[in-house]
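Each of the next two complexes has subunit A plus one other chain: subunit B in the first, subunit C in the second.
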Partner chain A sequence: MRPFTYERPADVRSAVAAAAGRPDAAYLGGGTNLVDLMRLGVATPRTLVDVTRISSRAIEETGGGLLIGAGVRNGDLAADPLVRRAQPLLARAVLEGASGQIRNMATVAGNLLQRTRCPYFQDVTKPCNKRLPGSGCPARTGDHRNLAILGHSEHCVATHPSDMAVALAALDALVHVEGPGGARTVPMPGLHRLPGDEPDRDTVLAPGELITAVEVPHLPFAARSRYRKVRDRASFAFAVVSVAAALDVAGGVVRDCRIALGGVAHAPWRAEAAEAALRGAAATPEEFARAADAELARSSPLPRNAFKAPLLRNVLVRTLTDLAEPAGFAESEPVETP
Partner chain B sequence: MKTEARPSVGAALERVEGVEKVTGRARYAYENFPDELAYAVPVQATVARGTVLAADVDAVVRLPGVIAAVWHGNAPRLAPADNAELAVLQSDRVSYRGQYVAVVVAETLQCAREAARLLRIDYDAEPHDVELRADHPEMYRPDRVNAGYPADTELGDPDAALAAAPVLVDATYRTPAEHNNPMEPHATVAVWSGDGLTLHDSTQGVSALRETIAPLFGMPPENVRVISPHVGGGFGSKGAALPPVVLAALAAKHAGRPVKLAVTRQQMFAVTGYRTPTIQRVRLGADTGGRLTAIVHEAFEQSSRLREFAEQTTTPTRVMYAAPDRRTAHRLVRLDVPTPAWMRAPGEAPGMFALESAMDELAVACGIDPVELRIRNEPAAEPESGLPFSSRNLVACLREGARRFGWAGRDPTPAARTRGRMLVGTGVAASTYPVYRRPSRASARCDPDDRFTVRIAAADIGTGARTILTQVAADALRVTPDRVRVEVGDTALPAASLAGGSAGTASWGTAVVRACEALLEELDRRGGDVPAEGLEATADTAEEVGEQPEYARHAFGAQFAEVGVDLDTGEARVLRLLGVFAAGRIVNPVTARSQFVGGMTMGMSMALLEESVMDHEFGDYLNHDLAQYHVPTAMDLPDVQAYWIEEDDPHLNPLGAKGIGEIGIVGTAAAVANAVHHATGVRVRDLPIRLDKLVR
Partner chain C sequence: MRVSLTVNGRHRTADDVWEGESLLYVLRERLGLPGSKNACEQGECGSCTVYLDGLPVCACLVAAGQAESREVRTVEGLAGDGRLDPVQEAFTECGAVQCGFCTPGLVVQAHDLLNRTPRPTDAQIREALAGNLCRCTGYEKILDAVRLAATRKAATP
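Showing the complex of A and B:
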């Protein structure tokens, strides 16, 4: 294994200072992704800055919503009564990810910044533009069954694997960041980039920027929300596709809605075209299908993941239809850990 | 001193080493730390075909902590092996991506890993061919297929019979490459002392491993000791000697230090065998009443350039159903791929997926209930050999399974039942597995404290072999099992056959019974007196096994599955799985149930989850870890039940037992696929049945 130094700074300021100007430094959360990638030789930091002790593990109610510390463990987040009540969509999405053990280790910040599960990215004996810019993208012609149908580029067709991030993208979350240049907030979606010609950059964060918290604004119709994850195995599998949706219906008409999609793009995908088509439309399966088609019009599936388009359409229509039925959304309350 | 005890065989004796295991005292191969231990980390080829031009071993041996770096340029020479896969580091040829081309030995694992990563290897790469196609120009007929069966068989005129058949099913099925993933990956600690070699290895057969390894290093077998008391699963992948154990011994020899080599999960997808992908064409001809007139089953499979391993995929078709005109065939192509090997029920598992799917298609075509269809085609004797069955209770399994499952009154119409947002369906398939028995030796010993020790170089790979042999010995000695200690997993014990072909209980059990009988006789002769130094008797079953009268000996079973398929997403989940088996006498109901349930779970996994994806550009199995290669979680199989019908078969062995380790997987995938068809109306003929094959 490659030697690296391990640092445990005393506070956020010294953590940022420790990483500042060192492109080979990495923050360490629960390590459930970073340490795996180090073992595989995919990530090769020379310095690990452990932020688990200085990252907030608090979940607080602010005036406008919830402030979730970057160090909150995924398991604690999904189980938190405040979150379950105020943002059931978020609790559900987190609960659908990984396994009990991994959720107990994984942090909110680490979950947001986990890297793609593209098989080529994880194998250092093969080319990959994301891991080694300019080396090529074998997934395009190889195995891309689980990869993107929206927003990809000729340089990369990877997907972002997080479930939690899809819910946060639907909920207009704000990511609080502390960096060498000071503090700022980055709105979700918008934290994660599309690959373009720089697939090695997953997010808009500058080197050394530390996530300190995630703020989830209050959503009046949060109770009528749902996270639907489609997967190859009943549990402990990444999403083939997923839908995070919230619906505000009055008198059979969609007043407002939030839709984000997972497993389909390099970033959690806010379905803006579908949302636009739905606002003011009748809350009927026909309109939901029309909205899904509006979103899918932007898709360009590859040969081995073409099935994701009809799959996504079905799931979107089903999720929205269930949400539109008063009896339907009661089920969306987080249930026991799968 | 002899006492009469209640029979132990048939009782639910708890696993005798259970406490040792759950308290962590049971020592597995990796957990041995001899003095001066060094760590070996292999280097794998990054081309699928070509030659190794150079390896910069000098650069890495200069790194601190590195003891040796070995490649074919400086490796100790091995004697030629029948199995070229075992000629590790003996030539510059690369025959598949991931093949071992070098190994680094260092003071610590970390150091060895880093040095292995840094070791620069230059290749001359050649274009590779890794794609199995039925029309591959290099397809050939192997002389024999695995387990020694002929590649092809034919009776009557199947082509004419098919042409004349009022009802015809002609379908092609595909199963993907699948990899064994026992919990404990392969591991070896190799220790040389003088010209003797001790291997702490995770193996399904210490005796066989010794017989393979010793000649490679130019030694008589006595010079090799293999110790393997506990094994964390194998499923066949630890049956035959593989490159890692050879590499460990070779690295230890070269370095002059004891060496530990642990295969990583990722490496398992290249160097420890897998189930070949298959393409199978099945043609069934029948009259309108569903009575088969012709059966043709042809399989196309792959092997590596190094070794011919021809899975016996169509052999169960030689056993299952009556039909006058019939043919089975195997064709193989050698590609630039890793070497396939045994995986639970090689042959039967993929072959019965195809045959039992085709039987379901025939049931649909004839409008006959699939349970009834199978009963109608029950043969009076083994269809191809004409031999009488020693016992055959497939029909009883089907009837009992149907009763327990609630099959009666099933509406055969596909895509006609929903539960919530799920289409629901049920399916059935039959299963079969041959009864093998192999020569083994054993010893039985009595000490003056009235305790018995039975020794046999058998393997307990988590199945409970040690426990059931304790029961078998206790009955043979007519004592309670607490007075018997069974020692297994060491070549210092009497040589025994390996754990494979579901033959452990029959093979080892026979030897144990004979040794115990011999001991009792000796005790009788001495009027029951045990001398101070104890008394020991041995047995060798070579003659007994060689002379067994000719019968068709097979276990049979029937699997029933209920499947739900999500209407929107095509996600298929098994809601309920029930199997009934007729496998002779069941020695221990607890360990037996684990085997049946485990086999069925693996069959369900074969149906819906498992697939090793061959990357055509690079020539390796791409999804080489457990995050990508899916095996079931508890939620994938909420309800699985196994039952059995006790058979009293006098033609088997002194235990009256048939093997149970593999039959559970056989047929299960077809039962699930048939249920998916009943649920959705979609016939998926290529496994696994993932949502992309069902979503509309």
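Showing the complex of A and C:
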């Protein structure tokens, strides 16, 4: 690990000042991703600005929704009664990620900004455009089984690994940011970029910008929402594909819906084509399949991850079908762990 | 840098800690507490599980500075009054120990589960222990041990 200095600023303003104009400084949340990447030599900050003690750990109800502090631990977020009642989809997505130990340490901001799990990105002996711009992308022709089928570029086919971000992208969350240039909010989806020809940039955040909170607007049909994740083992694995969906059905017709997909793109993928196909359509498996196909028409799977397209189609159709049928919805509720 | 923290109820200080050291390293190499094990160093195996401010975490991913002024409880701090904790007793009785490397982490994680969920279902035990890998694949005995500990704890108020 490269030597670095460790700073514990007294408040948000001094944290931003500590990182301003220093591209080699990094904010430290729970450290569950950054400490790992530093040990691997993938991240080499000269200064760590520990923000855990100054980041808000509050979850508040505002007029229009929930305001979640950037320092809220993933475990506390998933267990929070307010979140579970108002945004069960979010609580579920967080609970489906990582392990109890990791969720106890990981923060909301760190979860959003965790880096890809592409094996070449994590291996400093390999080329990788994301880690070392211009060095190439061995994943394109190599191991990309778990990488993107949507929105990738010739320069990078990585996926964003966060489950929580998929739920937030479906829920139109707003990310509150404080930076050297002042405060602003960044809408989800929109925080994470597609790789294009700058795969080293995961997000639209400018250097030194600090996430302070995430705002999740109230969704009238949040009670009928679901996060469904497919992974290589029953628990404690990143998504192969995942679906965050909320459905508003009346008289057998889809009035409104929110759909975001995980494990398939460089950013949590808001399924706009599927949503457009569904609004006003009959709430039937046939229409759900038509919507899934509309979304997948935009996909370009790679040789070794082509299985993700039919898998995603099946998971999406099944999730929407469950949501449309109250009985099926209750029955397929996953194991609850406190 | 100097790191001061409370470990198993005692105030401890470690000097000349390098910023890049983990809490796990500080516990094992500086404070003489080798119970928590150093295995994957990536948060994947749970062998280094310790309580940090009352919540189990992977000590390998906690930077030393993050532990400043905080409260740590390791597997060495579970037994009391010369008696093993019921979880530890159950692990030895059920033979839930093979090579033993994963055991301290599993014991801490199971200890936390039973504090929050005294009568867990099998599905809850599996989910709670999902972050602890046993390379000897001794999971059946480990499940037996957690069930036994739960029964014992329920019987003794």
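Throughout what follows, the second predicted complex is superposed on the first by the 331 of 338 C-alpha atoms of A that agree within 3 Å, B and C clash if a C-alpha of one lies under 4 Å from a C-alpha of the other, contacts with A are read in each partner's own complex, and residues count from 1 in each chain.
As a convention for this text, a residue touches a chain if its C-beta (ideal position, glycine included) is under 8 Å from a C-beta of that chain, and two chains touch if they have at least 3 such contacts.
Remember, predicted model here, so these are calculated numbers, not experimental data.
Peer 1: Would you sort A:Arg290 into first (subunit B), second (subunit C), both or neither based on which partner it touches?
Peer 2: So A:Arg290 meets neither subunit B nor subunit C here.
Peer 1: Based on the superposed arrangement, let me know which partner A:Gly31 touches: subunit B (first), subunit C (second), both, or neither?
Peer 2: second
Peer 1: Looking at the overlay, what does A:Phe236 touch: subunit B (first), subunit C (second), both, or neither?
Peer 2: Both partners.
Peer 1: In the superposed arrangement, which partner chain does A:Lys126 touch: subunit B (first), subunit C (second), both, or neither?
Peer 2: The first partner, subunit B, only.
Peer 1: If we overlay the two complexes on their shared chain A, which of subunit B and subunit C does A:Arg193 touch? Say first, second, both or neither.
Peer 2: Neither partner.
Peer 1: With the two structures laid over each other on chain A, which partner does A:Tyr6 touch: subunit B (first), subunit C (second), both, or neither?
Peer 2: second
Peer 1: For A:Gly41 in the superposed arrangement: first (subunit B), second (subunit C), both or neither?
Peer 2: first
Peer 1: Based on the superposed arrangement, let me know which partner A:Leu311 touches: subunit B (first), subunit C (second), both, or neither?
Peer 2: It touches subunit B, and subunit C stays clear.
Peer 1: Looking at the overlay, does A:Gly142 come into contact with subunit B only (first), subunit C only (second), both, or neither?
Peer 2: In the superposition, A:Gly142 contacts subunit B only.
Peer 1: Considering only the contact definition stated at the top, list the common interface residues of subunit A for subunit B and subunit C.
Peer 2: Shared contact residues on subunit A: 1, 234-236, 338.
Peer 1: Which part of subunit A faces subunit B closely enough to touch in the complex?
Peer 2: 1-2, 41, 117, 119, 123, 125-126, 138, 141-143, 145, 230-238, 240, 307, 310-311, 314-315, 317-318, 338
Peer 1: Using the touch definition from the top, list the residues of subunit A that touch subunit C in their complex.
Peer 2: 1, 3-6, 8, 28, 30-32, 35-36, 38-39, 48, 50, 52, 73, 75, 98-102, 104-105, 234-236, 335-338
Peer 1: For the complex, give me every residue of subunit B touching subunit A.
Peer 2: 46, 110, 113-114, 117, 421, 568-571, 573, 609, 613, 615-618, 622-623, 627-628, 630, 632-636, 690-692, 695-696
Peer 1: What residues of subunit C sit close enough to touch subunit A in their complex?
Peer 2: So the residues of subunit C touching subunit A come out as 1, 18-20, 22, 41-43, 46, 49, 52, 55-58, 61-63, 65-66, 68, 109, 112, 116-117, 123-124, 126-128, 130-132.
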